[in-house]
Amino acid sequence: MTIDRATALELYRVMRTIRSFEERSTQLFGENKIWGTIHSYAGEEAIAAGVCAHLRDDDWITSTHRGHGHCIAKGADLGKMFAELLGRETGYCRGRGGSMHIADTSKGNLGANGIVGGGIPIATGAALTAQQLGTDQLAVSFFGDGAANQGTFHESLNLAAIWKLPVIYVCENNQYAESLPVKRAFAVEDIAVRASGYGMPGLRVDGRDVRKVHEAAGEAVGRARSGKGPTLLVADSYRHEGHYYGDPRKYQSKDEIEGWRKRFDPIADARAWIVADRLAGEADLEAIDRGVAQEIDRAVAWAEQGPPASPIKLPEDVYAT
Amino acid sequence: MTIDRATALELYRVMRTIRSFEERSTQLFGENKIWGTIHSYAGEEAIAAGVCAHLRDDDWITSTHRGHGHCIAKGADLGKMFAELLGRETGYCRGRGGSMHIADTSKGNLGANGIVGGGIPIATGAALTAQQLGTDQLAVSFFGDGAANQGTFHESLNLAAIWKLPVIYVCENNQYAESLPVKRAFAVEDIAVRASGYGMPGLRVDGRDVRKVHEAAGEAVGRARSGKGPTLLVADSYRHEGHYYGDPRKYQSKDEIEGWRKRFDPIADARAWIVADRLAGEADLEAIDRGVAQEIDRAVAWAEQGPPASPIKLPEDVYAT
Amino acid sequence: MPPKTATTTEPRPGAGGQSSSTREMFYNEALNEALRLEMERDERVIVIGEDIAEHGGAFQVTAGLLDRFGPTRIRQTPISEIGIVGAAVGAALTGLRPIVELMYVDFSGLAMDQIVNQAAQNRFMFGGQARVPMVLRTQGGSGRGNAAQHSKSLEAWFAHVAGLKLVMPATPADAKGLLTAAIRDDNPVIFLEHKLLYRTKGAVPEGEHVVPLGQADIKREGTDLTIVTWSREVLFALEAAATLADQGIAAEVVDVRTLVPLDKARILASVRKTHRVLVVHEAIKRGGYGAEIAAMIAEEAFDELDAPPKRLAGLDTPIPYAQHLEKSVVPQAGDIVAAAKELVG
Amino acid sequence: MPPKTATTTEPRPGAGGQSSSTREMFYNEALNEALRLEMERDERVIVIGEDIAEHGGAFQVTAGLLDRFGPTRIRQTPISEIGIVGAAVGAALTGLRPIVELMYVDFSGLAMDQIVNQAAQNRFMFGGQARVPMVLRTQGGSGRGNAAQHSKSLEAWFAHVAGLKLVMPATPADAKGLLTAAIRDDNPVIFLEHKLLYRTKGAVPEGEHVVPLGQADIKREGTDLTIVTWSREVLFALEAAATLADQGIAAEVVDVRTLVPLDKARILASVRKTHRVLVVHEAIKRGGYGAEIAAMIAEEAFDELDAPPKRLAGLDTPIPYAQHLEKSVVPQAGDIVAAAKELVG
């Protein structure tokens, strides 16, 4: 499939933004400005970018502990994201959530989730809303290979299949669930085969090639929008960093890490094919890079100016009135 | 596959015992002698009988709310079963358990279970014991079509597959989970296809033909005993009675019930082929029937003589000391 | 976040004010009526659960609703507790007002993650971005020989979760009024029925009937001691109070009705009047919600108490099967009488 | 039911008596040592959990055990909480003595059915036919910016389940001694660690060290008031007691250690001595286990109390992310000082 210049550059920009966001948040974490835990999405950018390119603001996603990329691809404000990580009142969740709990309901992001597999039923329910109210919205659930062994995966995919819900299950197979390699977590080579147990299509795609992700996601989105039901989309990928910031990665060899990082770099790949296919030149891409860098700088500066989250009314924040 | 006379008659005897047990407990329930809820296994006898014929006393099973048949096939004492239903101190669980919680650990029956899908991980853990201790024991988990949509099914089958545990998952597809027909609970026609998602063999068998169940179970048992790992065995069947004693069965037509009851009667079928294949004559079968009837009578009489369960020391029964 | 192309209309306002005429009905009929009226009033209200369609629910609370509202609004599901509850959370976040029927509260152990980590905490974690207007209806309690996995009383688990409301009606009228309020609430509400209350009868207001969450109800007035209780034990307490009255002891029976938010004011007012309190519940005593109420009273009305605040609750055992065993582990009316006399005497 | 062809040997008896020499170590090292010693002593002991192998567990409690015992006894699993806990139940029923590491107590909502309906109730339901010798080790509490889904304190849920024992050690020595006792217990034991205790240090007896379940420990003696608490709040209470001592108030700190069974005698004895009691815990106040203890004291030592039994606990909110918010919802040492002074003054 061919991809046009505008789409290619937009996909590139989104991926570049995610990578830069991760680089900067890693840096801020190292400077002890970010508290708690962060999980870098570096290396997996093509998945969020390729899928979310098809979504409208009123489509919903559920995300994971490794959620910055999904959030950005769904159109979030970077300043509010950084402000959240920095524990500011101006953050998306007013400092209550942190990295594992950023939501942006204005863009249909129902939230990151600290419970592995926790978002899968929620996306299913969002798709139920669309079906029930007769809209053409759809829902996407992003989750990892690890989450595919949770009971929520099983129950949700079955519900979606029998009800033909407009939902796409995007399994990001980054080869590990914390320290456990997929090879030891599954007795099957291809996670997508599970789809057949629910009677839904299962697609496996090279998750480092944003064109392929984009194409497969387009198919799944078309199916969902036209009432044809759910899809399981498994994207093979690799996380460049450890499971979390500070992971000693005892379970991986240096060789593996270096080799795979190079083989799985959706951004470097994209630069290469964009130039090779003459969709744009190096200069265009560098301009995008500079724009992204500036945007990140501005976002961090804005976030750092925000007041610390206020503890005054926490008890009133529990219930809606 | 051919089956010899001794095996055929023993399978027939077990099935006949289960049916008679269910008939009698239904009667006792109608007489208000049994409290709580009972779920009849009538119509599904071939599954428990065909599978358990391969098991030793030190192999384990986990059972369900519809558990009388498994319990009997695993060699339980009928008197103690009736005593349990009647709330006697002489019952298997000293009146604490009732129909949904009969266990007979002396015969490897780890217990019926009131939680749909609750026994699946437990059987998996029993198989882990066998593997860990290097024995050749195995575990069988019986569960319904309904349970196959529980998260426990998914998580357990995957664990068993990656660890190659000696366990057999026997899904009794009796066409309904309470009032929900399988057609509305699954978007696939064959539940056994799910096995491929875990990398284990999935067999589907006609659950009303005890010969076929026996043969398929033999294959699965051989695999488990020889360290080749788990099997999913799906047996198509039909429950003759309502979901529970007293079920108004609003979700089924009279025609369906009558038609299916006739089409799915493993005991009538067995009589037919036993005689047709000249493994035994009508007279032999009637002798078995009479023997079973006497055994049931004796068991009920014994159970009714037992003292009511004693409430005195209930708090001391909670913890092992 | 209302869906862009949604065709829902805002719910039409209620008929206005509470009706004064009443009709005798069973507790499960009262619940059924609340569901029906709210589903008629607001098309965003749907019911999700097992066995709720043709069969009408394990306790017939949804009987007839399938015919009235069809299979998309009465969504019968496979047996997938966490999937269902999670789907309700997602639906609630995106514009529906789902009611989940969980067949037995004992099964909540399968769905607790979605109840707690997702439904209850969503609003707080995400800084108030969303609302989770859902009701989890289920039932608990012993008395039908269903044994240990179908007879528990687990309100203490839910009470200990920030972000949930918790309701346990004892009468048909309260069942209708509180369920209506729960459905209209914008928070996740755990609504616990009792299997032995379904076939109890009482006068229920016709038409729209709302009992606001957070108000205890004095089910009987008295001056000698306060019995604080909820759910089925309210009936036992009333029975006990009648017996006690014959013996010259005037017990006041406070039906908590809503465990969260708790109507501390009404409970404390009663204690200030009687100076003696007996907290009664069916759940096991250790860590039961009775401890919360007794501790709260001890803390906030210590000087008003003429006797130690006493709890009468289930024995610390699972519920056994046999009928006489079952009764022996859960407070019966006679046990309340005995405990009250000890407290007063 | 010992397996027919099992090759296990019975555990060899302990070295005999408790060791008197001690060694300084971290709380997680003390746990690690208990695991190692018990696995050496009894080959039926295995560990099941996520991330416990090469990585050594999220908090390094199983560090080094993979090398020592190999991948079948250190069973690293996929992310399947209910599957894992259920497998442990099955293994415990059939001859192993499994220890499950659940990474965060907040995930117990995924496994609660197997914990409660299966592990805890098995023995009772089946009339005493089986034993379920398993330990569920997990950790809770706030203080690391992990926010609402990784910071809860859920002991009250487990305390309210008939059939579970419940342990929450505060010091390295107790961690080792209580874990050893838990592993040797024939019942399902919930063993709750605290994420901020792992890197606290203390003297730990060498070799075999068993602290029997069910014994509270007076961590500091005093005469003016009793502070009853557990887990990390013990450290805050000791800090507060030191501050109070400077101000002339002698606080006694009772570390409950085992919430079930509860050492009522030792708690009540302290209250009879000081006549004032403050119960402190990190979990949210509403329905927390502090209510059980306060209610128990109010019920059983009413006449001994010179002031209302007071509870100081977490605010009724989920745990927020930002560090200063996190601290503001959970009792700190200063909060204990203030509450104690109010109670005494």
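The first chain written gets the first letter, and so on, giving A, B, C and D; residue counts start at 1 in each chain.
The working rule: contacts are C-beta pairs under 8 Å (C-beta built on N, C-alpha and C of every residue); 3 or more make two chains touch, one makes a residue touch a chain.
As the structure is a computational prediction, the values presented were derived from the model and not from experiment.
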Just to be sure I understand the contacts, which chains border both chain D and chain B?
A, C
Report, in whole Å, the distance between the mean C-alpha point of chain C and the mean C-alpha point of chain D.
31
Distance between chain centroids, defined by C-alpha means - chain A, chain D (Å):
36
Between chain A and chain B, what is the separation of their C-alpha centroids in Å?
45
Please output the residue numbers of chain D that touch at least 2 other chains, ranges allowed.
77-78, 80-83, 106-107, 110, 113-114, 117, 124-125, 147-149, 162-163, 316-318, 320
Using the touch rule from the top of the page, what residues of chain A touch 2 or more other chains?
93, 95-97, 101, 113-115, 118, 149-152, 154-155, 158, 162, 184-186, 317-318
Viewed as a graph of touching chains, is the assembly arranged as a line, ring, star, complete set, or other?
complete
Touch list for chain C against partner chain A, complex
1, 3-8, 44, 46, 72-73, 75, 77-78, 80-96, 98, 113-114, 117-118, 122-133, 162-163, 165, 186-187
Taking the complex as given, what residues does chain A use to touch chain D?
35-37, 87, 93, 95-98, 100-101, 113-118, 146-147, 149-151, 177-180, 184-186, 248, 250-251, 308-309, 311, 314-315, 317-318
Given the complex with chain D, which residues does chain B contribute to the contact?
56, 58, 60, 62, 91-97, 101-106, 108, 110-111, 113-115, 118, 120-137, 139, 151-152, 154-156, 158-159, 162-163, 317-321
Chain C to chain B touching residues, read off their complex
50-51, 53-56, 76-83, 106-107, 110, 144-150, 315-318, 320-325, 328-329
Across the complex, what residues on chain C touch chain D?
82, 106-110, 112-117, 120-121, 124-125, 147-149, 154, 156-157, 159-160, 162-163, 260, 283-284, 286-292, 294-296, 298-300, 302, 305, 307-311, 316-318, 320
